[in-house]
Amino acid sequence: MNTLIAITALGVICLIFELLNLRKILVPFSIVALCGILYLNSLDYNQTASYYNNMIVVDNFSVTFTALFIVLTTFLVALGHHFYDDVPEKLSDFVAIKIFLLSGAAAMVSFGNLAMFFLGIEVLSISLYILAASRRLNIKSNESGMKYFLMGSFASGIILFGICLIYGAIGSFDMRVIMEAAVSADVEEWFYIGGILLAIGLLFKIAAVPFHFWAPDVYEGAPALTTATMSTLAKVTAMATFFKLFFAMSGNLPETSQTVLVVLSGLSMTVGNIMALRQANVKRMLAFSGISHAGFMLMTLIGTQISAGTLLYYGTAYAFAGIGAFSVILYVCRHLENEDIVNFQGLGKSNPFLAFVLTTSLLSMAGIPIFAGFFAKLMLFSQVLESGHLALVIVAVVNSIIAVGYYFKLILAMYTKEPQHERTGRPFYIYAVATVALLLNLTIGLFPSLVTDLLR
Amino acid sequence: MDLSIILLLLLAPLGGFLINTFLGKQLGKGASGAIGTLAIVISFVCTLLLFLGLEPGADTKADLFHWLTFQNFSVDFSFQFDQLSLLWLLFVTGIGSLIHLYSISYMHHDKDFYKFFSYLNLFVFFMIVLVSGSNLPILFIGWEGVGLCSYLLIGFWYSNQAYNDAAKKAFIMNRVGDLGLLIGIFILATVAGTLDYQGLETFFQTKGSLVDSTWLAVAALCLFIGACGKSAQLPLYTWLPDAMAGPTPVSALIHAATMVTAGIFMVTRLHFLFDLVPAIQNVIAVVGVSTALFAATIGLAQNDIKKVLAYSTVSQLGLMFLALGVGAYEVAVFHVITHAFFKACLFLGAGSVIHANSDEQDMRKMGGLRKVMPITFITMLISSLAIAGIFPLSGFWSKDEILLEAFHYSIPFWAVASLASILTAFYMFRLMFLTFFGEFRGTEHAKSHLHESPALMTIPLVILATLAAVGGLISIPGSSWLMHFLEPLLHTDGAPEHHALDQTAYILMAVASVGALVGIFIAYRKYISNKEVPGEDSEVTGFTKVLAEKYYVDELYDSVFVKPINLLARFFRDVVETALGSLVYGFGKAAAEISNQGRKVHNGSIGLYLFVFVIGFCLIVSYLFLAQ
Amino acid sequence: MQDVLNQVGINNYIFLSVLLFCIGVFGVLYRRNAIIVLMSIEIMLNAVNLLFVAFSTYHEDAQGQVFVFFSMAVAAAEVAVGLAILVSIFRNIGSIDVSNLKKLRG
Amino acid sequence: MEVIYLLILLLVGAGLTYFSVDKAASRVALLISTVAFGYSLYLVSLHYGGQLPENIHFDWISKPSIGFDLRLDGLALLMLVLTTTLLPLIVASGIETKFANAKSLYALVLLMAFAMCGTFVASNGLLYYIFWEVALIPIYFIALIWGSGDAEERKKQVVKFFIYTFAGSLFMLVGFVYLYGKAGSLLLTDLYKLELSYDEQLLVFGGFFLAYAIKIPLIPFHTWQANVYQKAPAMGTMLLSGIMLKMGLYSVIRWQIPISPDASKELMPYLVWIGIAGVIYGSIVALRQRDVKKLLAYSSLAHVGLIAAGFYGLTADGITSGIIQMFGHGLVVVGVFFAVEVIERRYQTRAISELGGIRAQAVKFASAFLIVTLASVALPGTVNFVGEFGLLFSLSTQNVWFSVIGGLTIVLGAYYMLKMYQQVMLGEANKKPFADLSVTESLIFGALAAVIFFFGIYPQPINDLIAPAVNEIIAQISTN
């Protein structure tokens, strides 16, 4: 709870900083403050508590995921230092929006009441609409924001309808009541319909097939840093929320719901990966890659013993790899019109370190060992195989193979071609974020217990 | 057995090889040749020492160290110097020494002189390993080793790709045989659990009858295939005539006297196995006698002096296999030895002739050389008489014994073998008459260079001619030293009738002698009286043409084996590889194509996106409710 | 209220809401004018709000009505953002037809 | 503990090399690899003295419970020695070539050696898998960046290679995951104890088979091989053919067969035929190649086919001989590819049609090339003969036809190798000058020849070293 308050307060302080003309130290200050909040958050570990009539429930699930979100926000804020060089007067707005976004994300994993859940998801979404459309004069950014907004609102409507039906069935928004209702035998039909609507709304947020269409367009059009936010923070948040809701409502779910999950998971992977093969724009490619990762993450919900630890690990691995990749993309495409793969040519020669970071990030996403992505996939396979879904594992394996195809397109461009552009400057924040992301990726890749043991 | 002598015997040629390989260039030709020759002479002396110190019943084995380990048997690096090995070693190192000596002069102008000696030394080394190994894998080391040296020496003049082709052909054909040999070895190892000669002999004597005779027959047949390869028998003989591409001393040493007899050696070594499978013995006899006749007929129409000798070698080897097939191992060995003498002499003599003729090998361009090269002429004449089987030269005794044994075994075999002998007499004297009699038919330039060869070359000729003349003494019917010498190994005392000098034997001897004389007479009529000279290749017609073209066997092999394999290789390379490759790419291409189609679906229209959203929504909801 | 609800029956409220919601959905699907699409989304949200209120009465529980305030506030914020984006789009391409938004595709 | 130092040495060595300068990188790498070689010999001496602990365990991951387990028995040690023997030679082979960004290249070479050594000693399935995959990444970059030929075509081939092998190994990973579900551990010994039903074994066997068949490679999974060998730089080709494909073969006897013995037994004839088909196919395709490296790649295909056939024949003799042949093949294949590199350095071509007449100019090189050529056709006296003889023998004990058909390799092998040698080396002196071997080059060939002949005459040390491991494998096959 303190964490949530502190985050919101930090957002307000950021806005005040602009008034106080302290723009120059805004980013370092926010980073330090976020680190402080991270510490604050860690104090709640192993201290389950609920606040305000169970509006907010702080447990290990929420603490660990919130910690991950804070770390990711720290990265995103740090990357923002250089990203808004052309509109310095708006820096504080963007930083503040990111921090509000974080508060929404934190609310989404620590809600104890569907009202908080709805607020959280809307805070997150509205922040993202703004960020996506934030390049006012750029038609692509506008289009991206508009598409996201229209479709996001549509999904919000569905979520709201779902909440409404659940409320109608049990007369409460409280998660404890919902969990009880889920296991009880006689409950109104609406309850299930509401659950399904809720799930579909969240499937939209994590961009699972067939609700994924917005993702590539929005990712491509949005400013790169926003794309980074969407593909790391927003995606993991939505997935964690989905997990939490699913866990709460999975009391006596019919077998068919598993089938649906298996099919959606397999479809998301396959569609995402195959579509990514022929993309020239890196952001768009990563959007499709994100769709396939959504499919992988859906696998955590499959099986007899679903494991939050696995999801946390997968999300962490995926997000760190994404941060690493986007820090390089931000660097490479700073002064360029688009993020096409050709722009990455020769990076291995001009900036070997960044090329290395991008390579490791991509290898991690592809699931190649010593990087975190490998263990993430391993645990998923292990869990799904135990529950007997060999076919899904095979699909996942085939997809991992396809994925290598497009990840390597980027690596090839970096190492086998000559640079087309002069690349100057060694922006500190980008290098720092890239380094830290790489180290974190390697650390949890070599010692996965560090993360998985947080949630047992 | 004195280990130091054995090691010296083995290692002297190896040392010679190493010194010549690494230091040959620095040493200069004189020292290089001397070291090469000396190495073999040392081995010869060692062999003599061992030979003289041989006591019946003594242990002849020398274990060096452990080599291969398998579950049910193991192979040691060990050698055995019993009667058979020593006999072979004697003529290998003996003739080897002479040929080395000869080569010093013969190869004097070659720029790779030292290489030649290093290869020759290596050859002798492997030959020693081959004959003195005490088990089949060691024999196989020598077997392949001599094959390698043969390859190196046939292709000694590597600038000429035709020679290289011949070398390659020799090696590959030998390997076909080697595969057979290996399979035979494997079966023996599985059946008997040992590959040691003594162990095998014990096994076959005690448990031979318990073993499934099919396996024994297969093993024996496979081993015989190996022998066919090395000893140039049908159908694997075609490499030997081509092997004449090598320098003449090589032909003398490797392709006449020693290496090609390895097959006979091996069969003799494993006589206890072959004795158990009469069917295979029959096969051996048939192959031997057919080869003898087949090669002899080809020999009739050859004009290259070395090719004639080569086919003669194939034919003689066929006779030896006939002897093996009829179970007369000691007779085969006897013929091996006499053949080594006279054939080495013939080859060296041919070398001498070629040397004098400015490297011309075509007999149509020779003639009348007896006046210029008397020593060469006389030594070759003696050897030719010996090979033709004229009393009392060595060839008479050995060939006669083979015919005798064949007669006792089966009269058709005898008849064919006799025919081959008559043909031999004919083509050998065709060679002699064309080369040494009449007028010189070469160019004026060549004529001015004609000369008798230097002493280093004639001395070996004389020694070999002497041996060819008197070598038969080691096994004169009635009192055969050779038979007694080999008796501990071959246990020939069980078959005394082999050497009974009865009336039949005398008649056969007379028939054979008359036959030989007839052959010589025909040659005389044709080439001396009528002064015929074989025509140009293009003029030859009819059956002679078939003979001159060696029955088109090479062409047959080419179209049955070589071309199809190469065709298959092309097919694999161009079709199968491409197909497999594109199959793998196909997956990638298909995925990319689906991706391209999918991109059309993602057309940027919010309406479509939401439509799919709603469709998906409806599908999920309806599935969840309908499926219940 | 309770009486009215009892007379009409909760199911009818649900049907009405669903109907309204579907009208909203079809509006979003078939209209190209961004403003109308926005309004359709509002219809969807308000359909739900209606149902919230109905359920709230049905359960005699105030939470549902409180939730309506939440959702209205959120919807207002959303629309504000949406209109802002719409304005900047209109400035850039001079049209508010969503079918013109096809630069991002493939 | 000791073996960990070796791994650390290679890893740190890779780092040192990367942070050295381009000019000195090859020497740094050579130094490190030589030290590694010496150290592995020291390990052998410790092993013989019984002072080398066979199993090493560190806690690593708590859930799933995976330890950092290494196992250094004779078999693993032999593979380690093979790797560290070849490594200095491979590094030395590049010393005379100027590479762009040499420090990265040599760092990758050492990194790859590190991963390969790790693969050989890892005794926990996951650790093994990680090393296995990590070994793939350096070779990918080595082939991609320092390879030869048209860049687009090379890219295509190298990516294909990576995806293909990666695809195979993922199925192995599924196999491991499955095994973990059954055994609750991935420790080799635990997996050996596992009693799986036939169908379960079949599943695991199949997963592993895809990985190994592609890596080794067996036909028809070989299509990456020739092209990558051709495109990769000499060093990469040597690493790939000399060591990396041994990883696949090694894994067959260490992981695949003992874990799924019943499936192996049931499938034995088919697997052996696949291996033998590779022998014949590889030999025949090699006959008509235009590029020397491609020819040698197909010859390698034939050789490993025979080794695989020996392993899948499931006899102690076959496994022992196969291991010896792995050792021999590693040496020889490095030798022949180095010979090609020597030619390419001087003539800038590998097209057979453009070569010939080298023998007349470079006697030393001709002899060296001939020696490795002959070793490749398993002439007695070379370690390859010991291996091939044993392999064919072991196959003959299962079915004589195995060894008759498989034995055709000695005929066909001689055919294509000698044909190649003739076309490349013999004939009229080439018009272009060909400098004879330099000192470094001579030393590399000399060292290879020495090892080839020594173990050809005296293979007993290898036999002794691997006998316990082979017995364990055989026991595993026969008890289950």
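Residue numbering begins at 1 within each chain, and the chains themselves are lettered A, B, C and D in the order written.
Everything below uses one rule, namely that contacts are C-beta pairs under 8 Å (C-beta built on N, C-alpha and C of every residue); 3 or more make two chains touch, one makes a residue touch a chain.
Remember, it's a predicted structure, so these values are computed and weren't measured experimentally.
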Exercise for review: State the pair with the higher C-beta contact count; candidates are B-C and A-C.
Suggested key: A-C
Review point. Which chain has its C-alpha centre closest to the mean of all protein C-alpha atoms shown?
Key: D
Practice item. Provide the C-alpha centroid distance between subunit B and subunit C, rounded to the nearest whole angstrom. Key: 98
Review point. What is the distance, in whole Å, between the centres of subunit A and subunit C, each centre taken as the mean of its C-alpha atoms?
Key: 27
Check your understanding: So what's the Cα centroid distance for subunit B and subunit D, whole Å?
Key -> 36
Point to revise | Computed distance of Cα centres, subunit D from subunit C, in Å | key: 66
Check your understanding: Touching two or more other chains, which residues of subunit A qualify?
Key -> 147, 150, 154, 216-217, 405
**Study point:** Residue numbers of subunit C (touch at least two other chains)
**Key:** 25, 28, 98, 101, 103-106
Review point. Do you know which subunit D residues sit against two or more other chains?
Key: 163
Check your understanding: Pairs of chains that touch, anyone?
Key -> A-B, A-C, A-D, B-C, B-D
**Study point:** subunit C-facing residues of subunit A, complex
**Key:** 115, 118-119, 122, 125-126, 129-130, 133, 136-137, 139-140, 142-147, 149-150, 153-154, 156-157, 160-161, 163-165, 167-168, 171-173, 190, 216-218, 220-221, 279, 284
Exercise for review: Provide the residue numbers of subunit C that touch subunit A in the complex, in ascending order.
Suggested key: 10, 14, 17, 21, 24-25, 28, 34, 37-38, 41, 44-45, 47-48, 51-52, 54-55, 58-59, 61, 63-64, 66-67, 70-71, 74, 77-78, 81-82, 84-86, 88-89, 92-93, 98, 101, 103-106
Point to revise | subunit D partner contacts - residues on subunit B that touch it in the complex | key: 21, 65-71, 77, 137, 140-141, 143-145, 148, 151, 155, 158-159, 161, 164-165, 168, 171-172, 175-176, 178-179, 182-183, 185-187, 189-190, 218, 565-566, 568-570, 572-573, 576-577, 580-581, 583-585, 588
Revision key, fill the gap. Note: in the complex, subunit B contacts subunit A through residues 588, 591-592, 594-596, 598-599, 602, 604, 606, 608-610, 612-613, 615-617, 620-621, 623-624, 627-628
Point to revise | Parts of subunit B lying in touch with subunit C, wherever the complex brings them together | key: 599-600, 602-607, 610-611, 614
